[in-house]
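The data blocks that follow each hold one structure.
Each of the next two complexes has subunit A plus one more chain, namely subunit B in the first and subunit C in the second.
Up next, the complex of A and B:
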């Protein structure tokens, strides 16, 4: 495992914001995302909820990865990978739009 | 129906009142939706009160839009579905639909669901039994047991108290208070499921919220996150507006904050046990 001071994972997206059409709430630490265009409720797991909440507050993916690393006691590199994967998932489902 | 003239019926549920003017098929007087049949279907919900919306409904043949109904716009509003559509501009609504009772019912459901949000309410897939002055919600998707429960208990008397069915399928839940100090009330709606007893227009303050599950009769507490996720799945909402969806969502969350939900397992037997559960709620300070 790389150290926490490892260089930024090149796969980690630098931009993107949550699509404006989405309604979302965090309840008991769990994020729920409602997509009105698909009548779809996305229920996020705790780590994804933390990343989501960070992004919804306008934090950069790198900052979300740092929070994830601290909150879940995982290495910074692993946190970046998880963040990148989650963001890719959001992009794949059209839940992110360009910054 | 007099040739060329629409037949009118005014339907109400809680704070919502809609006058539906059923027009005959253009150029074919006497053809169209059967007003007598519509009156029979919505009897118990007909009123002479002033409607908040007048809907001019004209039959047509064919398809109007996508399979799933969707309400768009921010005033005027438009709803498009496979077999009907409507546009709502203030108190005036113009609709087109295939001339059969099921499509009239679908159109009215979407219109009432839209007006519910304006009335600080939501429509939910839920049965509701009124007992001891409280309306208990039994929330669940199709097949969850709403109709069975209503059929088992509705109209029966337990310990001198009658169980009244407000609905076996769809209820209107409104907040009659404020956001800071909510007071929730459950209203029957003219939209029922398989329950064929004549439905009546009634309402009562919200009691408990039960999420239905299959199994031996028991009640289990539900975490708020889990409860709201399951409740959201039973929200009847066709809106594509984030603002409207968010307000419906917040109303449900406020209801759960005041009336914590529980999971009610029931296998269709021992209906008295359900009454005992409702009775316990009534005696809770």
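Up next, the complex of A and C:
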């Protein structure tokens, strides 16, 4: 049975830190991320914004998942899956770099 | 979870900032000192006055505090300008602090003082862009405006340092009589260096009210001619130009935008030089949230504008800062709005 003290979901990546080149800010609960090298502006939805803000403060993916679970009243496993999916997406777009 | 990036996202960001009165974009004027003496400069202070003011400029620690406050208030876009920003010996530290706080950072500079070390640092920090003023396509054309022999060559050398490191450069080209027949060569030069350009059709009156535009700027005929040049203005944008609706805001100054001067004064913008407060004596938050000046600017809509004293008609744009300079009233349309609208209408 999975509990709050369960080991990390093996699918949850170690994460990394947000790429240094990015500029970003959370406005009214929504994160906006600018990648000047691509001239791209990304707008994150509220749950992604929460994970983003946690990562930007140096929190580990597991901590971000806990916050997501608490803030959006979803189960811890679902929060871990969403966090892992989001981090994979960030990595795919080159928005994370190795810590 | 991230939504696809599109131009409309910028509008959404702007709308969110407006709805929440977030100071999304700030211009930070680090110094009034400058190593050039451009004939059309809107800062009338003499080199001696600017040097005297140096002792009162915000220190590095003070700028660091202000930058931290701006980050908390939601500012994302910062533009550093002067005077000449590179005359601040601590510019690198200011930029480093800014990027550490995740701001999108741009600079305006004449690039004459830029060293390879500066360019390396700006590249490493991820400076998003640099606007460089260029007034002519060659030394005679450019140096005649700056009053500094050799400035064109030094500016060009600075631009090359930036481009070699992949830093985006934008030529800032104010149209004036002296380059009315050569601005296309300036834009070709920009293109050859992998730079973009921003052409300003009108010069700005000096902060002391002296009428630089009529001395050095384009006359009405040359202005209309510039608007007919597809390199400067697309027919689509001309065709779609229209006056804003009555409830639209006249300007972002004080709503999502403000400026801070070298000594810490907060202004609605660098043309609207009424101080809303000083960051040395009050927090930026308290100035932004409670200044009567900024609250007034925030409340102004297009329908609050007064009739144009020149044409009595409606315009496509309005600048309350220039209105203050010309009429001491932010609601009276300035000549520039009238001239721009007339020039655009003349082409359609």
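FYI, the second predicted complex is superposed on the first by the 91 of 99 C-alpha atoms of A that agree within 3 Å, B and C clash if a C-alpha of one lies under 4 Å from a C-alpha of the other, contacts with A are read in each partner's own complex, and residues count from 1 in each chain.
Going forward, contacts are C-beta pairs under 8 Å (C-beta built on N, C-alpha and C of every residue); 3 or more make two chains touch, one makes a residue touch a chain.
Quick caveat, the model's predicted, so the values are computed rather than measured.
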Using the superposition on subunit A, decide if subunit B and subunit C clash or fit.
clash
On subunit A, which partner's contacts cover more residues, subunit B's or subunit C's?
C
Which holds for A:98: it touches subunit B only (first), subunit C only (second), both, or neither?
neither
Looking at A:42, would you say it contacts subunit B, subunit C, both, or neither? Reply first, second, both or neither.
second
I'd like to know which partner A:32 touches here: subunit B for first, subunit C for second, both or neither.
both
Of the two partner chains, subunit B (first) and subunit C (second), which one does A:56 touch, if any: first, second, both, or neither?
second
Now for A:20: first (subunit B), second (subunit C), both, or neither, which partner does it touch?
both
Taking the superposition on A as described, I'd like to know which of subunit B and subunit C A:89 touches: first, second, both or neither.
second
Identify the overlap between the subunit B-contacting and the subunit C-contacting residues of subunit A.
20-23, 25, 27-28, 30, 32, 34, 36, 41, 43
As the complex stands, subunit C meets subunit A at residues 1-3, 5, 9-10, 12-13, 16-17, 19-20, 22, 24, 71, 74-76, 99, 102-105, 126, 128-129, 168
Give every residue of subunit A touching subunit C within the complex, in rising order.
20-28, 30, 32-34, 36, 40-45, 47-48, 51, 56, 82, 85-86, 89-90, 93
Spell out the residues on subunit B that touch subunit A in their complex, using ranges where they run on.
68, 223-225, 228-229, 232-233, 237, 239-242, 245-246, 249, 253
Can you tell me which positions in subunit A touch subunit B when the two form their complex?
20-23, 25, 27-28, 30, 32, 34, 36-37, 39, 41, 43
